[in-house]
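Two complexes, one shared chain (chain A), two partners (chain B, chain C).
And then the complex of A and B:
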């Protein structure tokens, strides 16, 4: 036994963490506790619930059903019809948001009088609370006293008031329009930031090479905007797929089942039918689908994101 | 030299302990004196009226009542979570739509053994007693009831040269066409068929008046039977929207409240409307058709009658209240004070009628001079009484009602929009009913 062995503290007596680590842990602990209570625990618990046939109105019969809730949801044709509507809505909403956002960003990237005022005005729809936005569009679309009918009638485009949200063929497009109106400002601002970050010498070099404005847009602007564009697409897709507010406020899933999207079905199953097991299973399916889709979009559009 | 006051550690601890003990004893005595009040929950309607009647109850009986209320829109969900969380509730307002669900879950208990409550049955419309009964047991005492009424704008009928309101659905079509042809209204008949809680009442009223039903006495779906009045009712609506164009296709996005506003603006000649809306429609401060809005008997179908649908709300009693004989007796007193007679009169029902125009299921109140006078201000009391006597409970109220109701409402709307035939819609509804019944 040498001296160094004798002087070293025994392994069990050595503190597991040093003073600095323990201090850091102490500071992080309150936040970590809150985070665990409000985020981690609910997520884990909702998964646990999704494995039970839990219906609040049947409190004495809550069997463990493994993945039956998931199987039932995935084998329900109504669910797949809702998925189809969700995809239709999301494609309309995201494409329109991205295209309009890009056009507005390109406009605001140019120097012209009133550009700053226009930029400020652009943010108004985004700043309006979602519920207020929904109620506003409900008034606009109303078939009896709505502003849309009033304007079209007075401008002579229609002879009599038309049915808007009550027409199953138009419902999703009209809701998507209300969604786009609110979401375009954010997309435009994000894309504008992306445009500002493109180095000017890239455009100068393209000009020297004889590229006209259209070529510069397709060969310089769009590739350089890739990561920002991917961010906008991913963010808006995630918002659109899970969107609920407008469906609740404008149509309550109707007319018929024309606006029964997945988020609406989750609401009905969970909060109307009080079937928490099925509702949790649907929520997990939606969350996983959103995650997968986001991953695919990021891979496809913006490897540098 | 002044003597220095010293507090030793021992004396400090002794005094603190004594203080804490005294506070605990006083506190528990206080709680005992407050003597475990009765817990009473309602939705947020006529809150001041409830409070004043409650104060009178407390003053008369010396009992303490903890009153709480929450919005109607979330009341069911609120109560369900309270029941599950074992929150103290002794008596509460219950909608007839929730009875099977709550009774099956054991959240409310039958009251058949309390004769002071069931004694009122003889003075109450039959559909009210039916609506608060489940599996042969009665679960409460009613305090409010109403029915779906057929109302019309007498001025528009006068202008159209129509002498009397329609007696049948065919006459509704004919008169509506006359009114439309004369340019008096674009959509003479107003229906509110949006997907909301009122939808089942609107549909049931039309089906009952066509002599139909959703289910038979055994609870099996009959709505899909082509000879049933359900098919006739849906066909009438579809034709009215698509063929005759006397009902706006926007009916599928029109809720009950929007319909009230629309009718009160004078745009329509006829409407189905909860009867209590008559008061608002004939109030000049709230309506442009005040003094012109009348009620008629529900038009009847080819094989139907003037029947309509009625609904009611009642005081239910929880297992907590029945768990203790004294608490049960006190809860019964409270329920009777509100749902039955207080000091020999149906005081609360009268207060509620005066306050918000809420209807009552007590037959004798139709003979009360004060109530008749109030009713006469905006409606034909005889006709209202007659129509109420023809009201029937909803025959779809089961533990799975909510789940079926979503599918049924959606199916009806799709037929109205022409996406499916009435027969297909009713088959969807019937199949869903039978599947849910089988699952249960």
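And then the complex of A and C:
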């Protein structure tokens, strides 16, 4: 065919691309293009933007400002207040998701009639749009006609209808509750897979050693679930830290600043104040924080992940 | 030893009653937790404006009405003005907002976007996954790491560059902008599921087809695709649901009903205090129905896809 096939079959003397490599390249090319155009490029571009003072209110003057955007963001006490709220929200949301997810997984790990139906219904919150979830909880929390007020009133826990989302002390917890409802199915499904993967011998051995159900749970089940727990916590933390939809739908950062979290701040800074440089810098900080955090959690909880 | 021998029977007797009782209580609690919010959404979507403001609420509609749904599907025939709405004129649907006519087109937009994203996911994802699972080539491992890396990037970090990119291409307020960006956020996961599946199929299949003179393309389409049906179902479901549910990017890129999707229109209702919640809830039911039906029908595929994606991811 050509010279290279005739010469000695040394590795470097092969035709540059064999048939397999050429077809692999063609097969992967569309995917690689998409990935590059909409993942790699934006990451780099976003960093580039974050070094400029880009304001859409002043489109003709875009000075290069080095790391000023980062410095401004990091020295802004309002940013740190938003960080604090994000941390509060995420801790509440992730802990509740993990605990509730574990309880559901333990239940569905048992054999009983109706288990199949329950596992199917478990997917409902996972599947619905977050907008529908937000709308649903906004209506449940409604201070005039909502279900929460109605139920608590009828059960006699409250004497008169209360303001829920409008109460700055409760807002974050209520939003976290709506978040947990939608996220708990995934956590439960993953933990259930983890539970099923624990070898039955371990339980048998523990029984022989005289461990009761509670001991078996704490000494066999929980340690064996470690890596799955790490996965669930990392994943849910990543989702919670950047969560935006419920804040937009339920409170728009309010009342006052009570639910003004970092994700909401990025939105306001970028699309309401039209300050794209600052917005890009803030999202970069958020992305790096997410990465660092997942690394720490994986190291701490799931040594073999 | 004797102690355990004495305790065992009582424990067993207790367990015989306690276990079913505990399981029943726990199942009912879970059932309530999962379904109560949805039931409330549905119940209030079939209540009239008069009924929905009752205190305490009517948990089950006493005079169920399909007025809200009728308004969504026939809204183009109604002339809703400030006067008819303020007068709660039943002919115009009482508290039905004039923007109700945007619901059906947005439903169409959501469907078009979701179907296009599914189609492109298959076209782009299947060959890439097949190549990465079955063909040995330089850079194969690097591409797999590349996919993993994209899965930890928060979407909100992509919003600013995406927006400027789309704006500079003149694609703001088009369905194309949504299709392209949704493809970007869904295709890594699709490829991931498919790689896992293709890798579980024996290499001998690949070799046999090649020896019989199939090209790479034929091997993929004639041998592997028919076998990959379960993972294809999972890919289709995930891409469809992700596109149908997406909110943040649609909020940035769309501006008029020409390209707005269902979540955007619904979100615009929730911030309008003049709109009855019974009407908004009807719109919510409309948005919830397709994903819920898909989830219940294809439960097995979704669960296996989720676990495959997570266990290796």
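To be clear about the criterion, the second predicted complex is superposed on the first by the 280 of 305 C-alpha atoms of A that agree within 3 Å, B and C clash if a C-alpha of one lies under 4 Å from a C-alpha of the other, contacts with A are read in each partner's own complex, and residues count from 1 in each chain.
Here, contacts are C-beta pairs under 8 Å (C-beta built on N, C-alpha and C of every residue); 3 or more make two chains touch, one makes a residue touch a chain.
Here the structure is a predicted model, which is why all the values come from computation and not from measurement.
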Exercise. Looking at the overlay, what does A:279 touch: chain B (first), chain C (second), both, or neither?
Worked result: second
Exercise. What is the contact status of A:255 with respect to chain B (first) and chain C (second): first, second, both, or neither?
Worked result: first
For this session: Considering only touches as defined above, state whether A:76 meets chain B (first), chain C (second), both or neither.
Result: neither
Exercise. Between chain B (first) and chain C (second), which does A:271 come into contact with in this model arrangement: first, second, both, or neither?
Worked result: both
Exercise. Should A:165 be classified as contacting the first partner (chain B), the second (chain C), both, or neither?
Worked result: first
Exercise. Which partner does A:291 contact after superposing on A: first (chain B), second (chain C), both, neither?
Worked result: second
For this session: Kindly classify A:68 by the partners it touches after superposition: chain B alone (first), chain C alone (second), both, or neither?
Result: neither
Exercise. On chain A, which partner touches more residues: chain B or chain C?
Worked result: C
Exercise. Regarding the shared-chain residue A:58, is it in contact with chain B (first), chain C (second), both, or neither?
Worked result: first
Exercise. Touching chain B and also chain C: which chain A residues?
Worked result: 142, 144, 252, 271
Problem set entry | Sites on chain B touched by chain A in the complex | 77, 80-81, 83-84, 101-102, 104-106, 186, 194-196, 248-254, 258, 262, 267, 399, 402-403, 406, 409-411, 413-414, 416-417, 419
Exercise. Okay, in this complex, where on chain C does chain A touch?
Worked result: 4, 20, 23, 26-27, 30-31, 33-35, 37-38, 40-41, 44, 52-57, 59, 123-125, 127-128, 130-132, 135-138, 140, 143, 146-147, 150, 152-165, 180-181, 183-185, 187-188, 191, 215-217, 220, 241, 244-245, 247-248, 251-252, 262-263, 266-267, 269-271, 277, 280-281, 284, 287-288, 291-292, 294-296, 299, 302-303, 306-307, 310-311
Exercise. Can you name the residues of chain A that touch chain C in the complex?
Worked result: 19-21, 23-28, 30-32, 34-35, 37-39, 41-43, 45-46, 49, 103-104, 107, 110, 112, 114, 118-132, 134-140, 142, 144-147, 150, 153-154, 161, 181, 186, 189-190, 193, 210, 231, 235, 238, 241-242, 244-245, 248-249, 252, 263, 266-267, 270-271, 276, 279-280, 283-284, 286-287, 290-291, 294
Exercise. Where on chain A is chain B touching in the complex?
Worked result: 56-60, 142-144, 160, 163, 165-168, 251-257, 260, 268, 271-274
